[in-house]
Every structure is written in structure tokens, then in C-alpha cells.
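Chain lettering (A, B and C) follows the sequence in which the chains are written, and residue indices restart at 1 in each chain.
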Amino acid sequence: MSTLTAWLTDPNPSSRRQAKLGQMWLAWLRIRRNRLAMAGLVIVALLLIAAAFAPWLAPHDPYMQDLSRRLLPPGTPGNLLGTDDFGRDILSRILYGSRITLYIVALVAVTAPVLGLLVGTVAGYFGGWVDAVLMRITDIFLAFPRLILALALVAVLGPGVENAVLAIALTAWPPYARVARAETLTVRNSDYIAAVRLQGASAPRIIAGHVVPMCLPSVIIRVTLDMAGVILIAAGLGFLGLGVQPPLPEWGLMISSGRQYLFEHWWVSTMPGLAIFIVSLGFNLLGDGLRDVLDPRSSGK
Amino acid sequence: MTDAKPLLQVENLRVTFETETGPVKAVRGVSFSLGRERLGIVGESGSGKTMTGRAVLRLIRPPGRVEADSMIFDGQDLMAASDREMRALRGQRIGMVMQDPKYSLNPVMNVGDQLTEGLRQRDRIGRVEARAKAIAALEAVHIRDPERVMDAFPHELSGGMGQRVMIAMMLIPEPDLLIADEPTSALDVTVQAEVLSILDNLVRDRGMGLIFISHDLRLVSRFCDRVLVMYKGQVVEEIAAGDLLAAKHPYTQGLLNCLPRIGGARGPLPGLDRSGDWAKDATA
Amino acid sequence: MSLIEVENLTVTFRVKGRAVQAVQDVSLSVDLRESYGLVGESGSGKSTILRAICGMAPVTAGTIRIDGETLPTPRGRAFSRQVQMVFQDPYASLHPRHTIDRTLSEPLAIHGLPGSDAKVVKALEDVGLPTSFRFRYPHQLSGGQRQRVAIARALMLEPSILLLDEPTSALDASVQAEVLNLLNRLREERGLTFLMVSHDLAVIDHMCDRVLVMQNGRAVEELSRDALASAQMTTDYARSLFDASADRMLAPARGA
């Protein structure tokens, strides 16, 4: 293991790959020093493990109903977190539900920032009317209330996870465009951009190779911090019945269906609520920690 | 006019920064004493000269660590002083002038407010009297229309003017010691001379001690009485300014010789020969 | 034979609705293989002239000719094979996320030139950097080392003209000496033409054959190196600049 460390921390790397991995290793060391960030990382890791190994970790089938065992409280033998109004084990449903949460989060994380980055860097780099047009489009999408858009999409396309994701992604990309544009405006006037322009580089090469790498840290931090919001919105959509449909164990849906039992059988809504809270917290902590590591201003010269 | 008791006495000052790749020793065992005279600290980047100045004012925060066998200012132990005591010292008895007024003056307050802030809060002086003192201070640094400057914001001032405001600000409370960290490096050449002569007169008239930190050996030699030459956190030579040409240490000689001169020879400039033991010891 | 000809150049910036003339009616010419200096204080417009040559400043009057031909706007690929620039701040002129290898091979990639592997290694050797630095990032190099990389980058396309914007003002004195020596050596070896900007008269005197003194966007006086060294300037401003610089010199006769 120490030869690997030595290879990573070699002050004179002998390939681009070694250099890149070495920098990532140093970034990892910096994150490691931040306890809260590590806590966030652990939580996110647990989410991934739960999603990956749900079939093995879940003690029961999340869809199997047993009406003789409805609404049992947490701590009942065999049902660690209790059962819901159809007698289904809540723990198992939460574990399977993590897959849906992860699916939504991953889809949004892959689409919205990419679109936002593209729009923002192009707008920031070219300026002038390109900037004006792209930013007005961004403003229009920013002004859309998410739920109204989700309702519209559901009305047109029908309910479902993908349509919920589409609604979220379409309204989530404008902030990334703004962040990317702000960074691009700063970067645009640097000497290294002037140098590569002087070498005869084309605009696509400059944007993709020189501007985007400088915007990435801000966007990555933003994505991580936004994940909590995305989860909550997906839960909200599920709560309203606009996204995921029953009997899928999506956490927001679980909260919604447990609403009527809130006073006497609080665990039906509260357990999935706690799951959402913990995962959101995890993403927030991780995002804060990443900001300390990735923020170019604090990474020292 | 030498005081028997020095104004500032520093013994074995060490400044260390903890980074994830290990401790970085910015200052390694610097000792000097300062009376009411002008001491220049000269070095290149990484020599530790700025850190030394900041350490005296205890302005270094974690992950930086300041240690010293002793650091005594006019009989008061700076290492043992509490935060409150240091706050009372800073600005009042020890002032600091930094390099670029763009960054050291508050951009959202006008000059008048910045000059009178300390007086009004710390010394509880009334508004009218504080303003009068501020205007007097601006006149002392040769600002011709102090009334206009009082109402101006820092970004509206030129570099030289901003630096003079900075000096005025630091001199209002009439400190005993002034630490100037590259005070003229960001200024144009013709303005530098003017600002330096203002500083020169003020220091002389008020009998202050001055620590002048710079990378410019020739400038410091012209302006100071004694010079400390630093390299990688240590003092390699301490010499009277007038004796600079007869400097013994190879680093000092190298620094003197490597600069181009108007009318000098056209051949390659002598570089710094870093093969001596003094350069090798620096990683300890 | 004039390689660079600037005639009545005026550069006007629009700042908050007002027009600011950074350069007013400046003319100069640089001969083949000459080293020409532009000296002045902040706001003199000296760096703006370099940027105007590169097509990075709004020229509102005058012409710039390289090798007798007026420069096209935009400058185009051929221009980058003729003229390159070394910037002032070594901390800002290299892309922080690119390895040195990428920074040096990019100009070749842009122009489709082969053999980048060998050329990058040779470029590092030419500027006196160990080839083991090839895959380092800029933050792993010192200021002087970064400036050497910047010089190596400027020479990758084998230009005949090098524009130097205060190349050593951000460097320590000892490092400055090394970089200036390097520049002189490269100029000798490759027969380069230099147009160099500095605020430091001593550096200009050491590096340049002729110098143009500028103030507030205007050309004040042109001096040959001999005139500068023997203080034969005719304008007051040039003299005040000289006095302020010479004043800081430890004159050999002083104090010894």
C-alpha cells in the first residue's frame, strides 16, 4: 500500500494520469481532515450500500402485504421500524426506497449540471447577444414553479419516476448556468486564456479545455448541496402523487400515505422522513467539505 | 540617542504552519533587538520576513504557530500577553503599514470614517475633535486637500495617495513602533521616493522605531540604519546599512550583485550561487 | 529593416460609458533582431501596446504592420507562428489545472504539428528546467520556474517576435537575473526580436538596444541605450524617471 502512496505523492510524475491521480489523492487527504465532511461521506456511502444491497439487507419483501400485521410499532420482533397500514415492513421499504432516491438523484446530477455548465460557459465566454439570449432563456426556466411544471408534464405524459426527474431537472439547471457564467466571466480575462487565444485556439477548445475545468469545482459543490433539495422535491412530488406511484416504496410517497395515521401510528410517516433527513444532511455535510477542498481560493498557490 | 533598554527584543522567534503534508517552518530562530532606529529586514519570497513582522504583532492564526524564547516590547512580554492586551497594543503602540492600499483599506468606508474610527471607539474622542486630528494627520503626510480626501473612498485614490492615507491612519495614535511591510512596492517609482521621504521625516520627527520589510536590498540600505538579511526563515547577516557593500555573507553579496544596473555590463548577470552550506542548512 | 511598425496607434477603452484613451498616437518601429524596450509607470499604456499588437485591445486609429504587412483582424493562425507573448504574472499565465506537459504541447496540437513528445522535452531543456518537471502542475513550481515554462511555451511555435510584458517584475531579484540571462541567451541562439515592457529602467537598460519612454498613453522620448546610460535625456519626465531609478542604485562611489 505504501508503494502506491509513494507513487501518488511522487513530486515528479511521469505521466498525466499519475499527475492527475496524485492531485486527487492530495484532495482526499484534505477531505479526510474534515470530520463533518467524512460524516457526510459515510452517510452517502451508506445510501449507496443500501441501494446496492437492498435485496440482501432487507428482512422482508417490501411489497408483501400482511393485513394481520398492520401498524405494528417499531421494535416489534421482526419489524425493526414497524409496519405500515398494509402490514409491509417499513425497514425493508426504506431500504428498497433508497434505490429510487438514488436513481432520481443520479439522473438529475447527470443532466442538470451538464446543461447548466454548457449554457453558462458559452454565455459567459461570448458575451454580447449570445449572453443576453441564453441568460433570458435561463431566467424563463428559473421562473417556472417546479410543481406546476411537474403537474403539466404529468398531465401530458402521465405520472412516473422519469417524468418527475424530468420536471426536476428542467428547473434545476438554471442555477448551474448562473454559477458557470459567473466563473467564466472571471476566468475569461486571465492571462492563461489570453495565452491560448494567442496560440490560435478556437472557442470550443478554449471553453471545453480551459474554462470548464475552472468552473467544475463550483458546479460540483453546488450539485452536492443541491442533492438534498432534489431529494426533498422528489419526496414532495411523491407526496402529491405526481411522481412515483404506489406501491413503489419511494420515501415521499411513504410519508404521504402515512399521513392519516400520524397521531397514533407516527412511525409510518416519521421513519421515511428520518431517512430523508439523514441523507439530505449527509449530502450537505459532504458538499461543505468539498467546498473547503475544491475551492480554488483556499487550495493555496 | 541610544536607549539603554531596546524598544523591541526578539529571541529565537519561530513560526511554523501545520499543513496536511507536514509542518512548514516559515521562520526558524530569528533574533534581533530594535531601539528607536530603523531596521530593515530584507529577503526574497519565502524568506520569512513578512511572517516575522506579523509574528511581532501576534497576527498569525492557526494553523500557524508562533514560538519564541522571548519577545519583549518596551518591557511588556508579547508572548504572554492576552488577546485583549495585544489589541490594546496594536494600532496604539505598534502600527503596521502594508503593501497595497487597495487591499488594506476598507473599500466600503470613506477615508474619514476609517481614520476616525479608532479614535472614536478606542479613545472615546468626540466627532469634531477626531475629525480635526484626522485632517492634521493627512496634512502631515503632505496631502494637499485633506477635506476632499476625507470624503473619498479608497478606490478613488491613486496608489501613492492611498498609501499616504494608510500611513496617516497608522500614525494618528502616535505609536512607538511602526512595522512597514513592503510599503512602496506597489507604487510607481517616482511616487515611491515621495512616500519614502514622508515616512522618513515622520519617523525621525517622532522618534519612532521602524521595521522596514522589503525585497529591495538597495532601497532598504538607503533608508535604514541597520539591515537584517533573511533567507528561508533565518537571518544570514546583520549589517549596518552603510557597510552593505562590504557584506561578508555570500547570499548578501549575491543579492547585491545580481541586479542589473543602468550603464552596467551587458554580459550575463551573476546569479546566486546556492551551493554554499548556508543554503543547504535551510531545510533543517 | 523594420520588423514591427506601429504608426499613430490609438487605443480607446469604453469604461462606464466614458472613453478612455489608453494609448494616444504612438509610433515606433523595431528592427529585425533588435531588442526594443517600452518603459513607463502605471497608466502609461505600455502593456496596452503589446495587447494591441496581439489583437486584444480596441484599436481606434493607426496601423500595425509586421514584416511590412498590415495585421488582419482577427489575427489568425499565421500570426501566432510569428508573434508570441510572455506575460507578467507567472502565477496567472499558466492554467492551474493543466500539467506543464499539456501547457507546452497544446500549441503544437492546435496547429497540428507532430512530434510533440520530443519537442516538449527539448523545450524544457532549452529553458533550463529538469525534464522530470514535465507532469507537474503550476502550483508545484516556483515563480521563476513557472516563468521559464511560460517562456518555453511562447517558443513552442518558433515565433520570430517575442512580446514580453514585464516578464520579471513578479520575481525575486536572484531569479530575475537568471530569467533575464535566459532570455538573452535564447535571443542570441534563435535570432529573436524582442519588444519588452518594463517599469524598471535598469532591466530595460540591460536587455534593450533602444527604449521608448511613455507617460499617460503618449510617447515621451526615444533613447538609445548609450543615451540612457549616460543620462542624455532631453525631456523632464524621462529625466525624473531616470533620477528616481538611479537614486535607488548603490552608486559605486557612495559610502565605500
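Please note the rule applied: a contact is a pair of C-beta atoms (placed from the backbone, for glycine too) under 8 Å apart; a residue touches a chain by one contact, two chains touch by 3 or more.
Computed from a predicted model, the values in this text were never measured in an experiment.
> Once you've mapped the touching chain pairs, tell me: line, ring, star, complete or other?
Complete.
> If you average the Cα atoms per chain, which one ends up farthest from subunit B?
Chain A.
> Averaging only over C-alpha atoms, locate the centres of subunit A and subunit C and give their separation in whole Å.
About 47 Å separates the centre of subunit A from that of subunit C.
> Measuring from the mean C-alpha position of subunit B to the mean C-alpha position of subunit C, what distance in angstrom results?
Each chain reduced to its C-alpha mean, subunit B and subunit C end up 32 Å apart.
> So which bits of subunit A are touching at least two other chains?
Not one residue in subunit A touches at least two other chains.
> Going by the contact rule set out above, which residues of subunit B touch subunit A in the complex?
On the subunit B side, the touching residues are 20-21.
> So in the complex, the part of subunit A that touches subunit C is made up of which residues?
Touch residues, subunit A against subunit C: 11-16, 18-19, 23, 190-192, 194-202, 205, 209-210, 213-214, 296, 299-301.
> Would you pull the subunit B residues touching subunit C in the complex into a rising list?
44-45, 159, 188-193, 215-219, 221-222, 242, 244-245, 254-256, 258-264, 266, 268-272
> Spell out the part of subunit A that touches subunit B in their complex, as residue ranges.
Per the stated touch rule, the residues are 26, 29-30, 33.
> What part of subunit C is in contact with subunit A in the complex they form?
54, 56, 76-77, 79-80, 83-85, 87-89, 91-99, 101-102, 106-107, 110-111, 130, 132-137, 139-140, 150, 153, 157
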